[in-house]
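Both of the next two complexes hold subunit A, though its partner changes from subunit B to subunit C.
Here is the complex of A and B:
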C-alpha cells in the first residue's frame, strides 16, 4: 500500500498544527462558531447530537495493522472504546472533545492518516472495490489511480471551495462492488479491443434528497488523460453550479438541468483545453505509485483444499470468503453485523484482533467496505480455520454477507443531528426477526439499506429493500422502498406507499420477503424477482 | 416551558441552562420564559456554550422533558447504547425518550 513521502508527511503534520491553532482560537473566543465551522469541517470534525464527531479517511478503504491499532488506541483514549465504519469506507468516532481533537489528529498523522476532506464542500474519500488487488475478476488493481486522484484533488486550490461535496469511485471489474453509478464521478477500468487499458467514465450520480444514477459520459478514456478529464468535469460543475440553493448544488443537479448531452459537450470542450496544458501524469509517476501496490509475495504451489469437517466453519467459508486471484488464497469478509448489534460498529479490542489477524495472515492488509464490513484480502486457504476461530472468539464470525441481516444503516437519530428517525434500532429489529440462519440462507442475497433522513447516508435508494426515516408530526415514521441496487445493474428504489411506525415496517418487510419467497423462480435473487414481477405484487402483499 | 440547550464548546457535551450555568442533566433545566435570546447571546459570547437554542419542554413529575424527540435523544443519549447514557445502571431511564 501507499506510504507517505516527506511531502505528504509534512503537509499532514502542518495541517494538524494549523487546526490546533484554529481550535485554540475558537476555544478562546477569537473565532465565532460561524467562522470555525467550515474550518473544522475541512478536518472532518462535525458537531452531532451528543458530542463532536470525527470522520477519519481510509483512502479507498485500504489500511494496515499499524493503522488499525492506532484507530483502536484512539477509540480507547479519545472516544468511548469503539468506532463506526461508514458507507464511504471511512471510520468515525462519536464522542470527541474539541479540546483534544488536535492531539488526536496528531496521533493519526504518526500512522499516515488524517481526516482531511472527509467533510465539507470538497472531493471526499475516493472509494474503490474492497477486493482491489485480490479479486479474481479484476483487470488490474485500481488503487494506483485512486491514490493519484487522491493526491491530485487534495488541497488543489481550484477545487477547495466546490459548490458541494464530490464523490469518486474506481473499480476494475465487471461486477460492481462499489456502487459506482451512485457517485458524482466514477471510473471502471476496461480493456478495449486493442487490449489497451482505459476508463469507462460515469458522471452525475448521487443519492441524497434528489437521487440520480450516473450516466456514461465516455466509453473509453486513456488512463494517462484522467487528470485532464477529471479537472474538466470539476471545472464545468464548479463554474455552472447553483450556488444559490444548497439543495441544487450537487453536480447531479447540473447534469440534470443541462442535460447529459450538453454537460458532456462542455466537459469535452474543457477537456481539450486541459490536454493542451499537459497536466496529466507521466508514465514514470504512475509506475512510482503503482509500485506501492505491487502484489504481496504470494506463496506458490499452495493447495486450494479446505478442511470442511467443522460444519460451522464450512458455513462461514461458503458465505464469507470470495475467490482470490492467487491459487491457494481467499478473500475473507469479516461481518460487522452481529444479530442485534449496531451495523458498522467495532470495539477497540476487536480492532486490535483484526489488526493481529491482518498482520499474521493477510500480508498486513485490511479493507473497509462501503457495506460497513471489513475484509482480510489475502488469506491462505490453509489459514482460514485459524482466522475463523479467532473471529469467532471475538464475536466477528457472523455468517451473513449480502444476506437479509447484512444491513447498511446510517447512525440515524441516535447520533446524527440531521436525522429525523432512528436507523439502528430498526436494523436491530429486522436482524432479530430474520435471525434464523437457515431462513437467511434460504432467502439468499437481499440487501436492506436504512437512512434516518433524506440525505441517504444509509443508501436507501440503492437498497433491494430501502427504508427512509421521516419525521411525522414529531414521531418517527418509515417509508418502504423496493427495487434499488448498487451493483452493475444499478437501479433506484421506489416508494411502495404509505409509511409505517417502527414495528409496522418490520412486519411490512416480512410480508415483502415472504411474497418473494412464494413467487420466486429457481435461482432468482430478491432483486431479480422484483424486476420480473414489478411493484404491484409486493404492494398487494404489503398493504393487502 | 421554554428551556435552553446547546453543546459545551470544549467537550461537545449536551448541556441545559439551569439558571446559573450549564448542566449536563436535563432535569436541571429551568424555564427561561422570554429571556432566552439574552442568555444565549451572553453565554455564546463568553464561549461557555456552542450553538445554543431554545426549545419547548414540559416539567413532569419525573423531571423536565423536551417536547421534540431529537432533544429527548440528546437529553438521554443514544438509545442503542444505554451503557453510554448518563444513567447506565437504570434500565428504566430512557422510557420517556421515544
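Here is the complex of A and C:
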C-alpha cells in the first residue's frame, strides 16, 4: 500500500500546525464559531449534539496494522474507547475535545493519516471497491488512481470553496461494490477494444434530500487525462451552481437543471481547454504510485481446500469469505454488525485484535467498507480457521454479510445535530427481530439502510429496504422505502406510504419480508422479487 | 499554451505589502510593484459598453470569459466575494490568467486571511477585504505550506515534478 514520501508528510504536518493555530485562535476568542466553522470543517471536525466529532480519512478504505493500532490508541486517549466506521470508508470519533483535537491530528500524522477534506465544501475522501487488489473479478487494482486523485484533489486552489461537497468513487470491475452511481463523480476502469485501460465516467449522482443516480458522461477517458477532466467538471459546477440555497448546490442539481447533454457539452468544452494547459500528472508519477500497490508476495501452490468439519466455522466461511484472485487465498469480511450492537462501532481492543490479524494473516492490510464492516483482503485459506477463532473470541465473528441484520445506519439523533430521529436503536430493534440465524440465511441478501434525516447519510435511497427518520409534530416517525440498490443495477428506493412509529416500522419490515418469502421464485433475492412484482404487492402486505 | 502568470516570484512578488487604500479607510494587501490603478472599477456590462474604462468589477455570478476579447484595455479586475463561502471568484481569477491577462486582480468583500494562499495561487495579486488583515496572519497564511500538489495559475512547481526532476516540462 501507499507510503508517504517527504512531500506528503510535509503537507500533512503543515496542515496539523495550521489547524493548531486556528484552534488556538478559536479558544482564545480571536475567531467566532461562525468564522471557525468552515476552517474546522476542512479538517473533519463537526460540532455535534454532545461534543465535537472528528472524522478521520481512510483513503479508498485501505489501511494497515500500524494505522489501526493508532486508531485504537486515539479511541482510548481522546474518545471513550471506541470508534465508528462510516459509509465513506472513514472512521469517526464522537467525543472529541477541541483543546485536544490538534494533538490528535498530530498523532494521526505520525502514521500517515489525516482528516483533511473529510467534511466541508470540498472534494471528500475518495472511496473505492473494498476488495481492490484482491477481487477475482477486477481488471486492475484501482487504488493507484485513487491515490493519484487524492493528491490531485488535496488543497486545490481553485476549488477550495466549492458549492457543496463532492464525492468520488473508483472501481475496476463489472460488479459494483462501491455504490458508484450514487456519487458526484465516479470512475469505472474499463478496457477498450484496443486493450487500453481507461475510465467510464459518471457524473451527477448523490443522495441527500434530492436523490439522483449519476449518468454516464463519457464512455472512455484515457487515464492520463483524468486531472484535466476532473478540473473541467469542477469548474463547470463551480461556475454555474446556485449559491443561494445550500440544499440546491450539489452538482446533481446543476446536472438536472442544465440537462445531461448541456452539462456534458460544457464539460467537454472546458476539458479541451484544460488539455491545452498541460496540468495532467505524467505516467512516471502513476508508475511511482502503482509500485506501492504491487501485489503482495502470494505463496504459490497453496491448496484451495478448507477443513469444514466445524459447522460453525463452515457457516462463517460460506457467508463471510469471497473469492480471491490468488489461488489458495480468500477475502475475509469482518462483521461490525453484532445483533444488538451499533452498526459500524468497534472498541479499541477489537481494533488491536484486527490489527494483529492483519499483520499476521493478511499481508498487513485492512479495508473499511461503505457498508460499515471491515475486510482482511488476503488470507490464506489454511489460516481462515485461526482467523475465525480469534474473531469469535473478540465478538467479531457474526455471520451476516449482506443479510437482513447487516444494517447501514447513520449516527442519528443519538449524536448528530442534524438528525430528526434516532437510527441506532431502530437498527438494534430490527436486528433483534431477525436475530434467528436460520431465518437470516433463508431470507438471503437483503440490504436495510437507515437515515435519521433527509440528508441520507444512512443511504436509505439505496436500501433494498430503506428507512427515513422524520420529525412528525415533535415525535420521531419513520418512512419505509423499497427497491433501492447501490449495485451495478443502481435504483432509487420509493416510499411505500404513510410512516410508522418505532415499533410499527419493525412490524412493517417484517410484513414486507414475509411477503417476499411467500412470493419469491427460486433463486430470487429480495430486490429481484421486488423488481419483478413491483410495489403494490408489498403495499398490500404492509398496509392491508 | 497560455503563459502562466508568476505569483510568488513575479513582479512585486515577495511577501506583499500592506498599504493604505487611496481612500485611507482600510488597508490593502498588494503583491505588485506597479502603481495601483486609481480609477473606479465599473460593472462588467458597463465596461463592455464603454471603451475608455480600464478597471472592471466582477460580481460572483459574472462570466469572466466575456472579458476575453478586451483584455488589452484592462489594468484592474476586482473580483467580489459576497460571502467567503462563495468560491466562484477563484475560478474567475484563474480563468483570467489562463486567458493571458497580466494586470492586477483584486479580491474584495468577505475575504478571509485563511484563503489568501489559495487566492494567490489562482492569480489574485491584491486584496481589499472588508475586515483588514494583520501582518502576522498574512505571513503565517502565505508561508504555511512548503509544497503544492497541483499546478494552478502561479509558478509553483507541483510535487510530482519535484519527484521526477528528470522529466521534461509539463
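By definition in this document, the second predicted complex is superposed on the first by the 544 of 544 C-alpha atoms of A that agree within 3 Å, B and C clash if a C-alpha of one lies under 4 Å from a C-alpha of the other, contacts with A are read in each partner's own complex, and residues count from 1 in each chain.
The working rule: contacts are C-beta pairs under 8 Å (C-beta built on N, C-alpha and C of every residue); 3 or more make two chains touch, one makes a residue touch a chain.
Just so it is clear, the model here is predicted, and its values are computed rather than measured.
Chemist: Looking at subunit A, does subunit C or subunit B touch more of its residues?
Modeler: C
Chemist: Considering only the touch criterion stated at the top, classify A:217 as touching first (subunit B), second (subunit C), both, or neither.
Modeler: Neither partner.
Chemist: After superposition on the shared chain, which partner residues are touched by A:160: those of subunit B (first), subunit C (second), both, or neither?
Modeler: A:160 sits against subunit C, while subunit B stays out of touch.
Chemist: Taking the superposition on A as described, I'd like to know which of subunit B and subunit C A:29 touches: first, second, both or neither.
Modeler: In the superposed model, A:29 contacts subunit B only, not subunit C.
Chemist: Who does A:428 touch here: subunit B (first), subunit C (second), both, or neither?
Modeler: It touches subunit B, and subunit C stays clear.
Chemist: Examine A:279 and indicate which partner it touches, taking first as subunit B and second as subunit C; both and neither are also allowed.
Modeler: After superposition on chain A, A:279 lies in contact with subunit C alone.
Chemist: For A:109, decide between first (touching subunit B), second (touching subunit C), both and neither.
Modeler: neither
Chemist: In the overlaid three-chain picture, which partner chain does A:476 touch, first (subunit B) or second (subunit C), both, or neither?
Modeler: First partner only.
Chemist: Residues of subunit C touching subunit A in their complex?
Modeler: Going through subunit C, the ones touching subunit A are 1-2, 60-61, 63, 83-88, 90-91, 94, 98, 112, 114-115, 117-119, 121-122, 140, 144-153, 159-160, 162-164, 167, 170.
Chemist: Applying the document's contact rule, which stretches of subunit B touch subunit A when the two form their complex?
Modeler: Against subunit A, subunit B makes touches at 7, 9-14, 44-47, 50-51, 67-70, 73-74, 77-81, 84, 98.
Chemist: Write out the stretch or stretches of subunit A touching subunit B in their complex.
Modeler: Against subunit B, subunit A makes touches at 26-29, 33, 47, 49-52, 80, 94-99, 342, 413-415, 417, 419, 422, 424-425, 428, 471, 474-476.
Chemist: Name, in rising order, each residue of subunit A that touches subunit C in their complex.
Modeler: Result: residues 5, 7-8, 10-11, 14, 17-18, 21-22, 35, 38-39, 121, 151-152, 154-163, 227, 235, 238-239, 243, 273, 276-279, 281-282, 284-285, 288 of subunit A touch subunit C.
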